[in-house]
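This report refers to the structure that appears directly beneath it.
As written, the chains take the letters A, B, C, D and E, and residue 1 is the first residue of each chain.
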Amino acid sequence: MPVNYIPTGTEYFRFLPEIILTLVATAVMMLEPVIGQRHRSVLPNLSLAGLFAALWAAVVAYSNPGPAFHDMLLIDGFSTFFRVLVIIVGILVVFASGQYLSREKAEAGEYHALLLFSIVGQCILASANELMMVFIGIEISSIASYILAGYLRDDKRNNESAIKYFLLGSFATAFLLYGVAWIYGLTGSTNLTEIRRILNTREIAPSLALVGTSAALMFVGFAFKVSAAPFQVWAPDVYQGAPVPVSAFMSAGPKAAAFAVFLRVYMTAFEPISDRWAPIIWISALLTMIVGNFAAIRQQNIKRMLAYSSIAHAGYVMVAVTCHSSIGTAAAMFYLASYAFMNVGAFAVVTHFARQGEQYLQIDEMAGLAKRQPATAALLTIFLLSLLGVPLTGGFFGKFYVFKAALDAHLVWLTVLGLLNSAVAAFYYLRIIVVMYMHEPGEATESLQPLGPGLKTAIWISALATLILGIFPAHVLNFAGRSADLMMK
Amino acid sequence: MPPIPAAVPLSWYLVLSAVLFSLGVAGFLFRKNIITVFMSIELMLNAVNLSFIAFSYHLKQVDGQIFSFFVMVVAAAEAAVGLGIILTVYKNRSTLEIDEINSMKN
Amino acid sequence: MHQLWLIPVFPLAGFAINGLIGRKSSKNVVNAVAIGSVLLSFLWVLKALSAMGLFGAGMPEEAHIERYFTWIQSGNLNIGFDFAVDRLSAVMLLVVTGIGLLIHIYATGYMAHEGGYYRFFAYLNLFMFFMLVLVLAANYLILFIGWEGVGLCSYLLIGFYFDKKFAGDAGKKAFIVNRVGDFGYSLAMFLIVTNFGSLDFGKVFEAAKAMPVDQGAGIFTAICLLFFVGAAGKSAQIPLYVWLPDAMAGPTPVSALIHAATMVTAGVYMIARSSALFVHAPIAMDVVAIVGLATAVMAATIGLVQNDIKKVYAYSTVSQLGYMFLALGSGAFAAGMFHVVTHAFFKALLFLGAGSVIHAVGGEQDLRKMGGLRTKIPITFATIICAALAISGVPFTSGAASKDEILIAAYHHAPWMYWVGVVTAGMTAFYVFRSVFMAFFGTYRGKAHPHESPLTMTGPLMILAVLSLAGGFIPLPHFLEPMFPKVLEESEKWLEYTAVASGLLGIALAYLFYVASPSLADAASKNFNGLHKLLYHKYYVDEAYDASIVEPIVQGSRSVLWKGFDSGLIDGTVNGIGHRAMNIGGALRRLQSGNIRSYAAWVVLGSIAVIVAMGLTGSIR
Amino acid sequence: MDVPLFLLFAFIAVASAISLVVQTHPISSALSLVGVMVSLAVLYLLLGAEFIAAAQIIVYAGAVMVLFVFVIMLLNAGTEHKSSKSPMVKWFGIPLFAVFIGVISFSVQGMLPKSEPVVFGAFTQGGPLEVGRALFTVYLLPFEVTSILILIALIGAIVLARKEI
Amino acid sequence: MNLLDILIAVPFIGFTAVMLLPKSNAGAAKMIALVIALAIFVGSLALIGPVAASKGEWQFVTNVNWIQVPGLLPGEGIKYHTGMDGISLWLVLLSTFLTPIAMLISWNSVTDRPKEFFAFLLLLEFGLIGVFVALDLFLFYTFWEICLVPMYFLIGIWGHDRRIYAAVKFFLYTMAGSVLMLAAILYLNFKTGSFDYPVILNLLASGKVPLTHIEQTLLFLAFFLAFAIKVPLFPLHTWLPDAHVEAPTAGSVMLASVMLKMGTYGLVRFCLPLFPNAARQNAGWIVALAIIGIIYGALVALVQPNMKKLVAYSSVSHLGFVVLGVFSFTQMGLDGAVYQMLNHGISTGALFILVGYLYERRHSLEISAYGGVATAAPWLATVFLITTLASIGLPTLNNFIGEFLVLQGAAEVNFQWTVFAAIGVILSACYMLWMYQRTFFGLMPGQTADAGHGHSAGHSHGPAGHSHDPGHDHPHDHGHDHAHGDDHAHDAHSHWHMPDLSLREWVAIVPLLVLMVWMGMGSQSFLPSIGVATARTLEQSKSNIEYQVKIPSAVPQQTAPLTEAASAR
């Protein structure tokens, strides 16, 4: 144990995004009482500035990759990918939230502070190389999300969402923690690289059955966070109840971060026992796809439907995880990126449509949207087609690549079943398109105001990103592939 | 009845931890007051802490204890937030019955 | 090169002109175009044939072939758009253009006051085009163009009065029944291509002739029988004759041209053309002969009792076509073709005459409402008598010449066929004269004021009358002899005498029944009421077809295939999958009870499963 | 000495935990939880974790549980109703619990077969000095980062409790 | 950047441009879309020369990298690889030819959101051209799916009453098939490391990448299912009648004329060359289904009360011929099949257009709502008749040649196939003429027989009722009020709003009529270039077998299935 420790500048540099975000979040919080009601619009702008700065920091941090703070963090391509992703999700959500918050008369600095803090947690998750950081990262990200889910505290649905998320989240985290304790006991370490080394060394490797059990306990925690079956139960209720921008955020950011850490833990630390967990994830992936897709068919509430769809998409990513190959990891990374954009985009449109108090959430109420606001409808259609997996969208290429990875890993049946599942998905995504384009406008559509600037920005950025990822995926995929290769080495 | 050993085997601590963890799970499952349910989670965290400290003893490392320290900190923070959420729920619904909080389903 | 392509192209141009601008043109223009185009065609035929030496040195036995362009080329199959003229087609060309011209002229008078005048002539010209293509074809596929094309025109002309349901029905029936025949024809073509690799008449017959007679009998039989199916459709033989009587729904000139003189003999022409194949298939020959004979008898019996004048002649046509097939089946191809020609003369005349009669009595077609027209329309009467004599086989008429040849051939083929043929000849004479007597003798029973037709109509009648009487002196069999395989023929005079006697007997009986003592006819029909009814209703064949083919297909398609299979089973399955998905979705939703403790139970359940799977089973393993 | 002490406090811990699970009044449950925590603190001591034992008493049993009791009092939470709206738990709760405890205990008892038994005083690295040094060297980052967590809790309390947003 | 690339790009640019136009000026949007579509058609004519002159190698090839991920996508990755041969050429031309026509016929009938309608037609054209020229499997799949989207909207937004059901059914049916195709594409990529069609073909054919018997069969079936749904092959056809009935006219036209060809094109382009063994082994039941489809489609068409449904089922029947031709594995069969694709595109397209004309006049698709149209609109009747005749395969019109070649090809293999399939030809005459008769002949609904035919009553004798109204054959009886001639029909029934063809309608239909005759008589303009391509396809679907028979020694573990496959022949 060293007696003295003074972090080097490089280490701070590698941790810069988190530092920036924390400082900005604190600043937002502190500024709020100072500036008064009238200048509240400064707060989101400040958050945006912070996020952009963090984005920049995350990118430049990659120029000097490596571990930091006693191997607590590992800045590599993989972590950079997810840090950038969650920060971009944050940017989009901030854009998408402005209108919502003013509409609900809840333009407090806390919202942005919490959002930024949550992103800090996700950044930590993305770069964590130590189970302790994983735990803390998860907690930071989650606790902030719990509060955000119940942000409008006078709203019954928000409360319910928050309490459900909170109780079940903590419950699942306890399992995760228990698993961490065991793996610590078995290997004497909580460092992922170290655990992998020990498990790989035959002489000192502990009973693999017990390692399997601890991996299982941790799986409970991770699967819960990514909403994989059979731990997906919370997701629909929570997404439905939370404020729409928060649902957008939760289904994209924390999910991506959770997958990041899930991937890192299972692809590095538990890689040596992959023959134990791969079949489980196989089953889980299939169940997740089935539950998500089939349950979504009957939904009337668009938020809830998107929640189920987000479960289904988690299933596709799980397919990529099942491959436990670098190509599978790359596929998962790519998928999460494109999913983040299309999903945030879709939720952003819902934010726009729901109006004050989220009164218009039924799918049928979107009738005739294409007649009144063709651009909005077209953009939502792009998101839906991407979710559905129509070529030239990110969603398609992600899915394509996931299943390619699965085939390369000889998962023929999973591929076939997964693809059939994606055909089932057409059922419910098409319904929204049908309602928007093929029904006559109803009261809800007629009273719709034009799209606000913030939401517009968020939606357009998401749409462009969805299309770019679909048409020119090579750069992102290249990066993902190289990072995945490096990480799994 | 096996003879009582002179010193406590480490596994006893671990089994105790497991039992407490399971009881925490049971509390979550069977209790209907939200606060009690929350307390069950605390119980589970405590059980995990016991495991950490037992392993720390076994490994002759302080790291496990540090981990349990962080668990405590997190639990405290969680308690603050959780109780806040419970308060708002109660304000809105005037009930702490966990079974009553099911307006969103299917 | 004789520019044979001009022969069909003239009427095609006539069709195009009349079709496009006829509606707004005067009748004279339409007439000029319609008749002019056929006249040009006729003249061009004469020019081409005379250039080939028809009227001088005599036509060469080899066909004159003109190749224009490749029509279809795929793999090693090459089908050219080629025309050919040999003696056989020369005869047909003359008949088609000649009779066609006469009937066009006649029609200008007959149709003078009908609506859709230009349309009628456009169709008629189109028919001429296709018929000439049929005749000129140098391979089976080009022949098929004409074959289908004349069917189409027949459809159009039968359905000329398209606002009448029965006219449309009749047209459709004609086309579809013909389609059944075409089915056979095309299958035969496919077999030919598969076996000979070509559809060119020359190549196919060359290959066929090179084969010894007993070799490949099976394939030849199949090809020939299929061709005969085609011919039966086009030439109204059992079992596909049903469309022809209905086809009388068309205007009378159409009946004369298409359904008596030319188109319906296309089947005979086609089989005569394929004689090189048929000689290799004796079984098929027998079938042709027997079916021909049966058709002749059956149609004649029906003809005995019909009261609609055009119907009588329609059945007569069917019957005479049966004769022609009898000839073909007996190997007397030349005789068959001879009968085609003579039949074209007298049957066209009969129909045109009937048209003139109908015209005279104000559209009435029922024989029972005519009578005594002899004096009122004398030219018509005289010409019809010529035709009636010819068809009855009265000596020195055209009919006698050709029919005798057929019967003699039949005798050599199988004597019983001869005897049946002779009886049929008697019946033919009976029903034709029955119609003549009923229409022209006795007293007029109708209400109109009969009047003679204009010259445009009677002119063609007179020309045809001459041809009917004198047509038998054309040395056609001799002319065609080289075209066909040799048949040995020893004419015995008594065969001819018997046939003639049978015809005369028929005439006499008709006279007895319908002129001398009309009550006998009623008495006979009463005495043989069942038989009479059976004949009157044409053996109920239409009804039987309806009940056994049409209805089952329509009803089966509707209730079993469409409603049952398509909407019920397949769509039911598809929708069922959809519902099943919905139900699964519904069930899965219900797991999402909204209750936190239930959710926790799921988490616990899941964790147990995962722990057992990842940890414990691993240790047991 | 170790064995009786362990047995005693283990018994107290389990009994209190069971009490937490079966009591229907939250206050009773809260007090049971305090019992668990205190007895666990004793066990921590036995395992040589002095600092954590102290923190357990001060932070957990002290601060956190007081918060709980405070909220229970504030909300005047009474005895639970006997309703059971969770058929899942009603039918499968007890079997699930039984299987779960069986599986976990079965797994855990086979763990660390060669470990030496626990002797009080055999491990003395759990004092404030050692813990503090670890926190400020190796675990500096998590330690600093937990401050964010505290901040979030702070904001959370404000967001959830203050009058207007 | 060759001509083909431009032709692919322009529709998409056009789509975007038209979409971005302001909503207020629909007329300009329509005009711009039409001009673009016409320009594309004119441009596409220039494709003919080089392809027709070629000896079977790909023309207008563009082969650039699209998505390259070294290490993750092995080999060369996904490429933008397009090119055309004689098969694709004509299908591309069919697409570019029909798109402006589809626009013309929708000119007035689409009043709701016309801008989007025309834009979607352009998008559809973009996808269709792409499908027919894509030489990279990924690219192919991309275009394949892109086609779905505009058609889905065309049906769903501008369709009739049950349009949504039809649109969703259409989408789901196709989707269900295409995901399996995607799986197969991925598997091929897994085996060969490439998405590039010629490369894969080469690898498979040369035996460098041997597929086991079961692999080949499953891959074949996966591709086949996707294509069979699209064709549609019996019994996967039930989406088609619904889609057709509910689609707007232009949608039906594009769907029937071009989109169905995507399936048959796929069969020819991919199923045969890539998996020759499996294709040949499975040919038996596929042909059986095709023949069942021919007869079944015809029989069901016979009893349809709805015109569009009738034409839809007739498509099932006609497309059966195409499948039959493809799976006869003969030069004539394949030539005929490809030719028949074009023929069907022209004649069925024309039929839908004409049904659309009728619909615009009377707003009903039920046959029973019509009658006597020939009286009121003789030109419409004439055009319809020509189209009907083309559809039933009258020689000199286009369909005949396709059907003839297909049947001839089938006869070379198995004469019984031809016998059964030819029954479909008979039936086609039945249902088409029956419909024609009920629609165009007879009296108009509501018109009584007496009104038009004063003294027809009482003169019918004979059970078949084919006796004449005396007046009709009576040249002098011209004073009566008969209406059988089209000349004096207009005045007599002016209440019946059935105007004859307008100029715009003429412009839309005449090119199709010209093509019907041209393709019927001048098949040599088309068949040689098709023949070159089909001959190569046929060659490819043979060579593989020989190679694979030789291979076993080199790849011992695959010996058993391969020899089995070989000996099964």
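The rule is simple: contacts are C-beta pairs under 8 Å (C-beta built on N, C-alpha and C of every residue); 3 or more make two chains touch, one makes a residue touch a chain.
The shown structure was predicted, so the numbers you read here are calculated from the model rather than taken from an experiment.
A.B. asks: Quick one: which chains contact chain D and chain E both?
C.D. replies: The common neighbours are A, C.
A.B. asks: Walk from chain A over to chain E along touching chains and report the minimum step count.
C.D. replies: Minimum step count, chain A to chain E: 1.
A.B. asks: Which chain's mean C-alpha position is nearest the mean C-alpha position of the whole protein set?
C.D. replies: Central chain: E.
A.B. asks: What's the chain with its C-alpha centre farthest out from chain C?
C.D. replies: Of all the other chains, the one whose centre lies farthest from chain C is D.
A.B. asks: From the mean C-alpha coordinate of chain B to that of chain C, what's the distance rounded to whole Å?
C.D. replies: 97
A.B. asks: Based only on mean CA positions, could you tell me how far chain B sits from chain E in angstrom?
C.D. replies: Here chain B and chain E have centroids separated by 67 Å.
A.B. asks: Calculate how many whole Å lie between the centre of chain C and the centre of chain E, each centre taken as the average of the chain's C-alpha atoms.
C.D. replies: The computed centroid separation for chain C versus chain E comes out at 34 Å.
A.B. asks: Residues of chain E that touch two or more other chains: which are they?
C.D. replies: 172
A.B. asks: Out of chain C, which residues touch more than one other chain, so two or more?
C.D. replies: Those would be 578, 589, 592-598, 600-602, 604-605, 607, 611, 615-616.
A.B. asks: Mark out which residues of chain B touch at least two other chains, giving numbers and ranges.
C.D. replies: Residues 14, 21, 24-25, 28-30, 32, 37-38, 54, 58, 61-63, 66, 70, 74, 77-78, 81, 84-86, 88, 98-99, 101-105 of chain B touch two or more partner chains.
A.B. asks: Between which chains does touch occur?
C.D. replies: Pairs of chains that touch one another: A-B, A-C, A-D, A-E, B-C, B-D, C-D, C-E.
A.B. asks: Within their complex, state which residues of chain A touch chain D.
C.D. replies: Those residues of chain A that touch chain D are 1-5, 7, 15, 18, 22, 25-26, 29, 68-70, 72-73, 105-106, 108, 110-111, 113-114, 117, 120-121, 124, 132-133, 136, 139-140, 143-144, 146-147, 150-153, 182, 185-186, 207, 209-210, 213.
A.B. asks: Applying the document's contact rule, which stretches of chain B touch chain A when the two form their complex?
C.D. replies: 14, 21, 24, 28, 34, 37-38, 41, 44-45, 47-48, 51-52, 54-55, 58-59, 61-64, 66-67, 70-71, 74, 77-78, 81-82, 84-86, 88-89, 91-93, 98, 101-105
A.B. asks: Can you name the residues of chain C that touch chain E in the complex?
C.D. replies: 19, 23, 69-77, 81, 109-117, 119, 141, 144-145, 148-149, 152, 155, 159, 161-172, 175-176, 179-180, 182-183, 186-187, 189-191, 193-194, 245-246, 248-249, 251-252, 307-308, 311, 355, 358-359, 362-366, 537, 542-543, 553-554, 556-558, 561-562, 565-566, 570-571, 574, 578
A.B. asks: In the complex formed with chain B, which residues of chain C make contact?
C.D. replies: Chain C residues touching chain B: 589-590, 592-597, 600-601, 604.
A.B. asks: Tell me, which parts of chain E touch chain A in their complex?
C.D. replies: 19, 23, 66-73, 77, 113, 116, 138, 141-143, 145-146, 148-149, 152-153, 156-157, 163-164, 167-168, 171-172, 175-176, 179-180, 182-183, 186-187, 189-190
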